[in-house]
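Which chain is which? They are A, B, C and D, in the order written, and residues in each are numbered from 1.
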Amino acid sequence: MQLGLVGLGRMGGNMRERLRAAGHEVIGYDNQAELSDVASLAEMAKKLDAPRAVWVMVPAAVTDETITKLAEVLDTGDIIVDGGNSRFSDDAPRAERLNERGIGYVDAGVSGGVWGRQNGYALMVGGAKEHVDRLMPIFEALKPAGEFGFVHAGPVGAGHYAKMVHNGVEYGLMHAYAEGYELLAKSELVTDVPGVFKSWREGTVVRSWLLDLLDRALDEDPKLAELSPYTEDTGEGRWTVDEAVRLAVPMNVIAAALFARFASRQDDSPAMKAVAALRQQFGGHAVRKR
Amino acid sequence: MQLGLVGLGRMGGNMRERLRAAGHEVIGYDNQAELSDVASLAEMAKKLDAPRAVWVMVPAAVTDETITKLAEVLDTGDIIVDGGNSRFSDDAPRAERLNERGIGYVDAGVSGGVWGRQNGYALMVGGAKEHVDRLMPIFEALKPAGEFGFVHAGPVGAGHYAKMVHNGVEYGLMHAYAEGYELLAKSELVTDVPGVFKSWREGTVVRSWLLDLLDRALDEDPKLAELSPYTEDTGEGRWTVDEAVRLAVPMNVIAAALFARFASRQDDSPAMKAVAALRQQFGGHAVRKR
Amino acid sequence: MQLGLVGLGRMGGNMRERLRAAGHEVIGYDNQAELSDVASLAEMAKKLDAPRAVWVMVPAAVTDETITKLAEVLDTGDIIVDGGNSRFSDDAPRAERLNERGIGYVDAGVSGGVWGRQNGYALMVGGAKEHVDRLMPIFEALKPAGEFGFVHAGPVGAGHYAKMVHNGVEYGLMHAYAEGYELLAKSELVTDVPGVFKSWREGTVVRSWLLDLLDRALDEDPKLAELSPYTEDTGEGRWTVDEAVRLAVPMNVIAAALFARFASRQDDSPAMKAVAALRQQFGGHAVRKR
Amino acid sequence: MQLGLVGLGRMGGNMRERLRAAGHEVIGYDNQAELSDVASLAEMAKKLDAPRAVWVMVPAAVTDETITKLAEVLDTGDIIVDGGNSRFSDDAPRAERLNERGIGYVDAGVSGGVWGRQNGYALMVGGAKEHVDRLMPIFEALKPAGEFGFVHAGPVGAGHYAKMVHNGVEYGLMHAYAEGYELLAKSELVTDVPGVFKSWREGTVVRSWLLDLLDRALDEDPKLAELSPYTEDTGEGRWTVDEAVRLAVPMNVIAAALFARFASRQDDSPAMKAVAALRQQFGGHAVRKR
């Protein structure tokens, strides 16, 4: 089928390739002319037969303005899919605004990163059944082969919600391996730490794709000597904890993984300075001056 | 090669099958006569050509007494492998005691559970190179096919250490998925929670064997309605946290997963009763009487 | 000075008493006629000389509507103080709305609970210096005697912010004592748990007002046998964690205390059921059926 | 009464003063001759009338050897008190060894730090009733005036146990304040952070001696600019978490406070490097090279 695709960066560009390889006609638009198939959103819209489907794959910060501009060149009966990392709570208001113009809206959480073009992109989508049904050929082409890698999770917002939780879980998983790594690295007994991770890749309870990646990383740099502990977070981890707080879900593991990222970016911990100050006051404990 | 195998329960029995299928000659001994190939440890020893190798696969609580009895029927040059869930700190003293009789000792952390017979058992072993080398044909037969699933992690104790950390990581991984499950289950938006887990099985960052199992569990019981939250812990999680405390490793994630198991077994939280008592005292907050 | 006081419940009623005892003229209004000094907000306004100061002390859920009604009977130059448990982020919009009518706004976090009438109420206020200065006689009368118990923490919102953090810290403190209580209660060695808490009340690092209260509670019920662990949370703890997430502050302790309250209210932990399900799948571990 | 006192450092020296001020006869011994009242343990023993009581106040690392030497100069019927920071689990074996020589043993957890001489030392003691009774005049002199600050917590070991939990609770309390400090310091709204802490000192739920000390520290250095976050831990926090693990007590708060101290001493977090390595592998996320 035909698809408009707005945003042809690393993710969008690879998705275009995968869709075309599956026989779909993709008209891609990007601000950067050298990536773009057309000169404007209007031209893109003109090249698509109504009712149109347009997938937006731009950074979360510019999603709303992109969709606003896009809606101006679309018509009643068209559908917009947001495949970016939007916060789920932005989806319903966005769907309502589009609905006033007769345009449908589907939110799609997309996982797969740099590996997606080859392996397929896992898709978690939210929206009305009729909209999702119309888009199924596109979802089928993007998703990994086989029975997994796709869910229609619920109404508008449910796709980004499921992707948010996916990323929250990812934080927890990564940090569990990371704590295990640190303990092994500090152990006096274990002399082959990378070998231990390699041994875990088959036959164990902890085998996973993340473990495979950690093994690869240790192959390249067995003591991770080239890396800084400084680690960003991309929003979904925070939203996951916010939701846990809102819904009264005890979430010690994922929150701890998130907090560890925060701490990794501090040169100086104000909290620990307060602890040091207290120890100095009550015990005359030696503290380090800066 | 020949191997004595002491303990023919669920794990030991399956290992005997896998070893025999690989062409090894296994003389198994178990307290339960109907499982045993021989009538006594002495008979087992007699049937093995020196230098012997004997694998002990019994519950941790009886490992020491089993090894003591076994050593009495072995000779200088023989090797004992402990494949049970011993605490790593028991390995060095045990090796020393056996060493006084000229008997070698290798510790082997074994992962694989009920799936191991078919998929192979991941093995993390500790001991002297010469002992490990002699046992390699056995390790090769037990481990999964391919390059993964085995490590000689270091000297005596390193095998059980690596297995302990494996289990600690396992606690963290399981709880990360579990928190994600709870949030999805409470969300007002996500209407197909099992579908979300199914979608994660391909193309995502969180795909793993544990995720596959959780999907299976949700296939069988989509709301986990048949299960109690009461969850045991088997020692390795506690030892992992103990080691983190000893080696000054911040281990918030794995510790939180362990503490959550503790809490799952409490009918009544004394700590929360203390919190309730305080709220009643300072605020006249309504509290629940029993 | 004169003060209008809206809301004469447990907190507001006691504050009226404390203010009158300090010589201030308080005109109180409450929906419940038997508590009220006047029949309406309009009558209250009429009895106060301009420029007026009116303190609103109502549940957070009805603060906005109360202030809206109140503003209708006030004039340019008057000041409204919100002493309730508003979320700090509601203060700036509220101040702006009032500012359009020439009415000043001050937010006041109030601590003290049922003990405040006697000991004084600690006050954390936010607002413009001129507004705070005009209200100082009231603050002086409400606060505890001496140099502590009052701060002008910053512009509008800073008072409720400081109170929010106060409550977040309170969660952490309470839970630290609570964990200590549980460990002592489980210890095989300590035979006089209430005695230990009593011993801590003087000369120790952990002495505090909360500790005094816990000692009182243990005097009344040495094993806390009469209490349920079920514990509510009142909003400020959640907002504190939300702010930590927004500002990238690692907040493991306060978050853990909050999550423990969430858990205390669950009959059944969905997360632990997921853990139990996983254990059943991979290990054939015995799990409890409901 | 008479008391031998071994160890006249900061703690022991001040305790000697407090005891003498209360009218007791103290014969102090210390390795450092200029602090010591006598030239040897033997001379100390000779100057005390039987049955003797000797208080040992030396670093935990040398307590066992000190007690062994001391026991050689004592007789049946004498009592040794260990007032140092021994691990509770060392007490019972020590008591048994002394018991073989007819010497009694009492363990005393002592709190009070540099403030104890003036305010009194809180005492948590473990031992046989007859031994504790004989020492009561000494305990009375050391403890703070009034009904608090002393407990006979149980048999031998219970005193150090109670003190261990005291210190674990202390870790949690300190970190709760510290997290509150960090959030206030990062808030855009609160302009007077030290003022907020000062306001909390009266009339609030969080008032405590630790809060008073934090206020003092902020008076001296309002931004804690002179301090490093590097913070030691002294053993009791670790033992508390070890005990929680042993006794299956969920202890998220105190463990988090302990782990934060561990993290404060790391130049580089191996765990976070593992997280960074994973992000680099799966997402091509920019990571910082060292």
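Following the convention adopted for this analysis, a contact is a pair of C-beta atoms (placed from the backbone, for glycine too) under 8 Å apart; a residue touches a chain by one contact, two chains touch by 3 or more.
For each chain, UniProt lists the protein as follows: A, B, C, D = 6-phosphogluconate dehydrogenase (Decarboxylating).
Please read all numbers here as calculations on a predicted model, not as lab measurements.
Asks: Look at interface C-D and say which pair in A-D, A-B or B-C is its repeat, using the rule that over half of the contact pairs are identical by residue number.
Replies: A-B
Asks: Please state whether A-B or A-C has more C-beta contact pairs across its interface.
Replies: Of A-B and A-C, it is A-B that has more C-beta pairs in contact.
Asks: Based only on mean CA positions, could you tell me how far subunit A sits from subunit D in angstrom?
Replies: 47
Asks: How many angstrom lie between the CA centroids of subunit A and subunit C, rounded to a whole number?
Replies: Centres of subunit A and subunit C (C-alpha means) sit 37 Å apart.
Asks: Can you check how far apart subunit A and subunit B are, centre to centre, with Cα atoms defining each centre and the answer in Å?
Replies: Chain centroid spacing, subunit A to subunit B, equals 33 Å.
Asks: Among the residues of subunit B, which ones contact at least 2 other chains?
Replies: Residues 113, 175, 177, 179, 182, 186, 205, 209-210, 244, 248-252, 256, 259-260, 263, 269, 271, 282 of subunit B each touch two or more of the other chains.
Asks: Can you list the subunit C residues touching subunit B in their complex?
Replies: Against subunit B, subunit C makes touches at 10, 113-115, 174-175, 177-179, 181-182, 185-186, 209-210, 213-214, 216-218, 221, 224-232, 252, 256, 260-261, 263-264, 268-290.
Asks: Which stretch or stretches of subunit D touch subunit B in the complex?
Replies: The contact residues of subunit D facing subunit B are 205, 238, 241-242, 244-246, 248-252, 255-256, 258-260, 262-263, 265-266, 269, 271, 282.
Asks: Which subunit C residues qualify as touching subunit D in the complex?
Replies: Contact set of subunit C toward subunit D: 88, 111-113, 116, 119-124, 126, 143-144, 146-155, 157-158, 161-162, 165-173, 175-177, 179-180, 182-184, 186-187, 189-192, 195-196, 198-211, 240, 243-244, 247-254, 256-257, 259-260.
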